[in-house]
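Consider the two complexes below, in which chain A is the common component and chain B and chain C are the respective partners.
Now for the complex of A and B:
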């Protein structure tokens, strides 16, 4: 009991040191994130290296195990970050503990690039050489219009129209080829049966709506002039918005369902909806959730604006080269294998349901057969054709998530009768400019 | 059940205090022992409470700057009250506060009134099988908020809900997820979750009232009704104030229930409550502004809770 005073001081000191150590741990590692000298060249490492690869793909560990078996000197460790993909990546960047490679959605690439998340792999000849192996629009987005190589494309979501052929046959309607036909069919179906609608418009799904904009070449952003050119609100995007606004006003599409929700499947199950504007990865959703409708579904090209065969994309991801990687050469090698090797692509398709971004992958065995659920139709031919018809000039913005939320909130108001969808575009345009200003990202409204 | 025992435990603990003091004066536990006992509390308190709060405060005074154009490197610098200006001029922020204010003004009194009535009913000798009622009223509190919201989302959705079907048979077609109704559907989930919890706090206060008071009241000819409203309620007023303060704080921090219902209703926007707005702003990488929103929410919570406590303590002499 004699040394109480010194013990108090000791306890206090321990407490203080512990907290300082934690604080220092944060600040010192964040200092490291700036240095990427090790990755600034593309020299192969001497001896064995271990790469970190973060992703959200089911079964990816098995694909990586295959690589690890074949490449004893380049071992890859995977981590599944599907719990909070971008939160995990952002926090790791701040802490200076980002992996060598990470899965990043196309629409999040600009956001992460403005956080200095990537390293340009174009100094590796193997990276630039990979360009010819991918569907053109995917390369355009991972290279930011050919200004570097920041990621390799992995999978895509070319869009198409899912139709209940039996319902269309019942009402003697041919499958619609244009959006005009689609709208008039929507009216016919709804007037024949007031419980039946052509489809649903989910106001809380900006990603889907962006795919529709993409199809109409309603480019949302451009990289030129060393400033982001914002054109979220444009004549092209308004054309799409006004079209859906009309269908909503006429109540021939419903707005009360969230994409992928139990409620949505229940509505399809009750034969209340005749079609679905979806992506390639959606084929298994219907197959697995609506088994009783096997043989009733067909997949046809997306309705078009006029005669152009243009299509859109909804979703898909890339595998990005993260800043701070000490082994760029090996990362490029693994990443190229992961996303172009036929064996890897087949495994990813089988285990993770990935629809490949590599052109050769579109012809793989499992994608050239008829699918029993869809009347043994070769549905992937439709998606492969769709993939070819996707505009290569479409680009995402650096605050895409914020813009998506703003667009969704405004579209939801429009669906509830307050405002219009084209008004939502103007709100989203303002949000895009404001959010970039908040983050000191140079931007201007593109000349309309 | 531990909650009900709290007043009793407090009563037992009181006489111990002098004994402990006596031991201390006899050269008992020194400062080292005190430090050893306090460290397990203070270390996490500092690390996980004070440090994050301090960090948020610090962040809220920063602004992002960038060198090198379109893809340049960002850094933060001192920006004074810039972020606060942005928050205070954000109409989405004020409409989320207004929405939650309306929510609180209706939901908190309704919930606490129901909780009080239930507590008083449990406290009367008229009610049999008390343990059963007490547990069943408290049960919803054991359900995590997210699970409760998912459960209720099934009861609300027209495609799946037996409740909506039942209304349909009666010729009614309520839209629990519609633009006007969804706020009250959310309030219903919160009420379901928290009424039992508040009831238990009030009930444990009622348990601490000495029986002699009731006997005296009965002798004076007071009815059960008069005993409840004239004696019990005034005596447990401090508990009612406490539960009100908890509820004000809970309302301002509302997140889980609307965030879950948002999955099935587009009528809940990404900025529906102040906390959802802060989350949306943070997910857009604007951590500085999200920090400022958090600080403003904390200040509003502080002012409202302490304001309410001051107001009631003056009136009730607490």
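Now for the complex of A and C:
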């Protein structure tokens, strides 16, 4: 933690000037839409062009091969950067050898933007025209609230509840609709069988917890008065934290499992856990790692806090326009095809398991059929519905990774009995303010 | 008489006790070293679904052949390409590396020239520098001459082995008598002829040792290719498996291929060891005489 902080401080000197410049641009861009009229820099190139595209998606080379066959004049080269995705990108940025397009997670966009990693593609009419093709919240994050077009959304992780319907049936419990019902079911299950818990709380997974906060519209950041307004610690986020704290205190959820770990699958295999709060991309994890439980799982909407449906997102990525690209026009063209063309989306879904951010993608054949593992239920209808119910005003901060680490550290301590989850939120809030101050990014605690 | 028997009995009991202790220690060590390999074999025979669900050290559904089929057909058979690359890097690299080490070590052992001991010290110093530390400087060097992302980027650094030179010198001075070299020269053989027809034959067991060292080092090398290579088609097995492993979060079924691939990737090393083990032991013994 201290290591990260000092590295951040070291980087501060380098990036401070740049970030101020960016933020100045950010704050004034609403009145300064004239900057997007510089159409000259979106001119198509003469002759053959080669684009570099870095990503972490399995099978993406096949998708790109399809494009290359159809577009002899815009050839794309891919590089897989699964191991150390952001390290590779940030090194390339420092070396001035960034690719034309790179895969960037939604929560990393603000951080890279403060490093001036992106180019605004809104000067290309094809880029702004793409807005209508994507699920609303994804566009609001890649355009930073319509201040430009810095990336196209690629995939998302709308959240839902995976339930072992056989276990729920055995104890005569209906599927929980609200978090209150979920908690009381958790107590019933655990008192009926000491080895059985409702789910597990992974304290080392801030991304997952952020998804839960998102569902409750516990906005963590906003931008106004030329400053970042930090509200990591708020009444809404405390509601979520206190809820899970109670379940942890009552020991009706486990805290000893890491998401996706062998231990986690083993616990599910031994019928010790009755549900899983997960995202769309998780469906293949259960199908492939727990084949013997085929037919026992169902996917239902997330339990809600109030009466109206709301959901959060966990994971997913964008394909960003990187600074230094000499072929913006072609990059936009390829990026649009990659993320909205039904054929490309279908292939990405099949080979890479991507759950598309494009609305057209949600209607694709493979996502409108019943899935055998899940009792032939149309599970993707649940995710599509979840996708629609995701709050579009939720935004990530420019030091999200640092804040996530701090939150995880504090949550892990809370899970071990030192402190509480709401205490972890206030730690994370302090880290958010401090890390931005270290980078000379103007920020303040949001007025409560 | 009875005293004598008692003494003998206690002595034999002692030796039995110490023998048991040694055997027990060996057994523990054997288990310690073989357990990971055993796990790998077991895991490679399981379908993905059994990896987390069943005991890691017990066999379940036997699925090895279908795993192998998936492994070799995944992404148009890229694994076979990686395996081939590893063989090219390791066999050629170790072969050329051994030749260079042998020539160098032989020269240092058998020729008297100014600065010989200094040169040898420099080579010895090279042994102390870990190859990992050299990877980044090499990358900068290679990138300025445009060799990055080619076969050469991995091959060229692989043929240099200070430890091989050190071993070759010791072996050469131990195994090649001066008299023999002199008579070869008297018979009219040039220096290269002397080396290849006389000295290298005598050094053969030790050369196998150097070859094995180099082969294993290059086969297991991971950091250098990772720094040098971007193109998947140039990857050795180690780097390819690492890349797959990084994608298991999105494609869970890759995990089984990583495990099966790891098992397949240790097979050549085992084969080379079993075949050359005889020479290896002679070579080491020759070295220890010095």
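The rule is short, and it goes like this: the second predicted complex is superposed on the first by the 408 of 448 C-alpha atoms of A that agree within 3 Å, B and C clash if a C-alpha of one lies under 4 Å from a C-alpha of the other, contacts with A are read in each partner's own complex, and residues count from 1 in each chain.
We take it that contacts are C-beta pairs under 8 Å (C-beta built on N, C-alpha and C of every residue); 3 or more make two chains touch, one makes a residue touch a chain.
It should be emphasised that the depicted structure is a prediction, and the values quoted were computed from it without experimental measurement.
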item	value
Chain B versus chain C as contact partner of A:328, first or second or both or neither	neither
Touching partner for A:262 - first (chain B), second (chain C), both, neither	both
Partner chain in contact with A:441 - chain B first, chain C second, else both or neither	first
Touched partner set for A:163, first chain B, second chain C, both or neither	neither
First, second, both or neither for A:284, with chain B first and chain C second	second
First, second, both or neither for A:220, with chain B first and chain C second	neither
Contacts of A:51 with chain B and chain C, given as first, second, both or neither	neither
Partner chain(s) touched by A:402 [first = chain B, second = chain C, both, neither]	first
Which superposed partner A:83 touches (first chain B, second chain C, both, neither)	second
Touch count on chain A, higher of chain B and chain C	B
Contact residues of chain A, present in both the chain B and the chain C interface	262-263, 266
Complex contacts: residues of chain A adjacent to chain B	1, 3-5, 7-8, 10-12, 14-15, 18-19, 22-23, 34, 86-87, 90, 111, 113-116, 202-204, 223, 226-228, 255-258, 261-263, 266-267, 270, 399, 401-402, 405-406, 408-409, 411-413, 415-418, 435, 438-442
Chain A-facing residues of chain C, complex	47-49, 51-53, 75, 230, 232, 242-243, 245-247, 249-254
In the complex with chain C, residue positions of chain A that touch it	56-59, 61, 79-80, 82-83, 260, 262-266, 269, 281, 284-285, 288-292, 352-353
For the chain B and chain A complex, residues of the former touching the latter	27, 30-36, 39, 42-43, 46-47, 51, 63-66, 69-71, 73-74, 86, 154, 157-160, 177-179, 262-267, 269-271, 280-281, 283-286, 289
